[in-house]
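Attaching a single structure in structure tokens format; questions to follow.
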Amino acid sequence: METFIQQVLNGLVMGSMYALIALGYTMVYGVLNLINFAHGDVLMIGAMVGLSILHMLESAFPGLPGGVQLAVAIVGAIPVTMLVNILIERVAYRRLRNAPRLAPLITAIGVSILLKTFAMMIWGRSPLPFPQLLSSDPIMIGGAVISQTQVLLIVLAVVCMFALAMLVEKTRIGRAMRAVAENPRVAGLMGVDSNRVIVTTFALGAALAAVAGVMWGANYASIQFETGTLPGMKAFCAAVLGGIGNIYGAMIGGIVLGIIESLGAGYIGEITGGFLGSQYQDIFAFVVLILVLTVRPSGIMGERVADRA
Amino acid sequence: MALLTFDTAHKPRQSYASMAVLLAVMLVFPFVASQFGNSWVRIIDMALLYIMLALGLNIVVGFAGLLDLGYIAFFAVGAYLTGLLASPQFAALLESVVNYSPAMGDALVALFGESIRTEGIHLSVWAIVPLAALVAALFGALLGAPTLKLRGDYLAIVTLGFGEIIRIFMNNLNDPINFTNGPQGINLIDPIRIFGVSLAGEAGSKATVFIGGVGIPSVNAYYFLFLLLCIVTIFMTSRLQHSRLGRAWVAIREDEIAAKAMGINTRNVKLLAFSMGASFGGVAGAMFAAFQGFVSPESFSLTESIAVLAMVVLGGIGHIPGVVMGGVLLAALPEVLRHVVEPAQQALFGKVIIEAEVLRQLLYGLAMVLIMLNRPAGLWPSPIKEDRPVAATDKDEKEEEAVAS
Amino acid sequence: MSEMMLNIAGVNKRFGGLQALTDVRIQIAKGQIYGLIGPNGAGKTTFFNVITGLYQPDTGTFELDGKAYSPSAPHKVAQAGIARTFQNIRLFGEMTALENVMVGRHVRTRQGVFGAIFRHGAARREEAAIRARAQELLDFVGIGQFGNRTARYLSYGDQRRLEIARALATEPRLLALDEPAAGMNATEKLALRELLVKIKDAGITILLIEHDVKLMMGLCDRISVLEYGKLIAEGVPAEIQKNQAVIEAYLGGAH
């Protein structure tokens, strides 16, 4: 039972991460019908920038409490990732809004490669250690262990999701986002500047990715130019699981996928009689994706894709 | 590009002349390049394998319009199959089978002979190649089947997922039964043996292959083999393109609903695209394993799938000469750069600012973004037949055509 | 009954909350030109899509030339002998006109991978036959000189003809045309009318959806009228023109 709780807890932690990242994918897909392949790498950039900020803080203001350092790193990383994402949209994606499906996808892949390359050039190719900022004393919950960093991650994820939900439901820009997500042309006829909305969408997604990126570093203590790739792909699977284009779907999908992955890795050995083990953990996200697309393509909460006819 | 053309339908004499010139250059190349050491020919050997891959993927992405981001999986299948059946690996596998279930172990020994305990299985290239093609084709159908109803983006992600799944399996399938030897990969894979002559050269000859008394470097021997396979691949894919099946693929790509309405069984035709494309990948994989002598999971990552896709898309999607060119550029150019750029930086700046590997990725990324923004059909796309409506009368038509050509 | 080419009855189709088709039936005799008219949204194209396997009906019986057929998949319907064109013209844009029609021959030919690669005698002969027949059909519909033009660059009227030629290539017993005259001017409509008569004379039964009521009255042997997914009238053009329900449905909107 203890292992079960532990695994659920692990799943919650991972799921919070996936949810934050998935939101970026789902929002962009909702308005543009485009998989922003580079989104996982935006997360990596957030982590890298956060790390650099931490290094600067160390030398300029040594001895700051870990929580403060983390906060500064996150707050500092956000504008950078926003800028990166906005730039990507402007330079690479905008011209291909109405191009046949292949060109935007290839361009997105190219952007992803470029982000990794720039990270390689700026921060090098080797893994970089992320400092331990919060106390590593474990917190016990029902026999399972969780760290302060992990709790913070879950809390931050919930706060961000709540804030995003408020923004989308209650504010003017949120309404505009929903309008453009449903039908950009008609939204335009109603006076909504869809370019503005799309830029906002990219910016918001990037902000969430920055939070996720810095927390990733804090949680796993090591980051590298490749860090964002796999989590990015899995987060997209989570977005599809929840219902692509649907913000609440991304949140739910992220958490659910995290738990599936964790429980799956934990029990796969028993299920397959020892043939497969927890080292196969990474395949769960893709298996889930294939199952969802085969059985219920609209996902848990139903998809919301723009009518771009 | 104006001098070289391969449009056999409209410009037959120029096409065949172009082909002859190209062939002559390709045949002479290794002898010239050998003067500068083995590395240039080795680079082209790998490039030829990549061209085969690109041509295979071209069937899926170019002809049928199915965006496959996990194509390298079939390369892996062919390579690992060769690793398993043409190296001592089977002995290791047998050991693990015996540990797991002695009965199964005995059955395998009964099937293949006692020698597999110590030496493994060593099939000849004549058995490996068809087997690789077949098994890869099977995987192609298997991995393609769940994707048949998916639209573009989702198809891409699912195929990407499959590619990753295969890589993860290759990386971990060493316990309880040792198929792939895990992250270490499989070593000591047999080189290719044709009519008793090993293309890796005889022991002690410094990798020289002796054909009728004449000695050529091993890389050159492989070069001619791979060149031959490339030519066969070009021939086969070209024939497929201009056939009933090829038209069905393009019909599906252009408008799947209309294709169905015209009686095309799109499910079967799509599966055929996946299978045929995969089979070329499998054969290339088998060649790769024999050439390198070892296989490991890192050769079969998402980066490789993307590289092959880039060759197809940037070269000229659906257009065989374009795809070949894409393969040459994207496979050979980074290597060439490495030989040129790093020493240049060393000389100019005293140190290497941008490593070759980073440069390679940079070029890939830039190429993908810039070419998609400016020439989305690729650098060398299919020539458009007639792109302007001509005058109503036949006489005017003939005049315009005479002026145009 | 053996003179019936198409005999369809009891078709119901519901999309979520909308009952798109209610108990629709149609009987077309061999060699007829049969018209299907009705206001926008009446369900004409939905009915077409059901007959040709693009949509699955909730209920219905389907018979073509005396034999039951199952509209479960479009390619099976084509195999059975119904070919269609589309309201929005669905050509294979990047292929030439000739290649488009050659694709139409797919369902009646067989060469596969082996024939493609080895081009043995039977394969070469079949390919030549496909090419020849395709050219014949292009000539038949009147665009024989545009065989090598990329389909995308044909004029609108020629694209419509090409779609018809491609459909004819499948050797249909029934040719189903969805608004073939849409967007055409009077001259083009006349030419289309001649083509359709030519096709009828060649022995092919035609079912067509159209909005141009005058065209339909002059062309069709019989007409059915749909409104809100229900059949409201059925008969020869003269009867339809005088039918009160039809007049009301159109609010007097004869062109």
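Here are a few things to note about the model shown:
Order as written gives the chain letters A, B and C; numbering starts at 1 within each chain.
Just so it is clear, contacts are C-beta pairs under 8 Å (C-beta built on N, C-alpha and C of every residue); 3 or more make two chains touch, one makes a residue touch a chain.
None of the values given here were measured: they were computed from a predicted structure.
Taking each chain's centre as the mean of its CA atoms, C is the chain most distant from chain A. Of all chains shown, B has the CA centroid lying nearest to the centroid of every protein CA atom. Note: centroid distance chain B to chain C, computed from Cα atoms, is 43 Å.
Measuring from the averaged C-alpha position of chain A to that of chain C gives a distance of 49 Å. Our note on geometry: chain A versus chain B, Cα centroid distance of 34 Å, whole angstroms. For chain B in complex with chain C, the residues that touch the partner chain are 236, 239-240, 243-248, 250-251, 254-255, 257-266, 272, 276, 384-389, 394, 397. Against chain A, in their complex, chain B makes its touches with residues 67, 146, 150, 152-154, 156-158, 160-162, 164-165, 168-169, 171-172, 175-176, 302, 306, 309-310, 313, 317, 354-355, 357-358, 361-362, 364-369, 372-373, 376. Contact residues of chain C toward chain B in the complex are 52-54, 73-75, 77-79, 83-84, 86, 90-96, 99, 102-109, 111-113, 115-117, 119, 123, 126-127, 130, 145, 148-150, 153-155, 166-167, 169-170.
Interface residues of chain A facing chain B in the complex, by the touch rule stated above, are 33-35, 92, 95-96, 99-107, 109-114, 116-117, 120-121, 125, 229, 233, 236-237, 240, 274-277, 279-280, 282-283, 285-287, 289-290, 293-294, 297.
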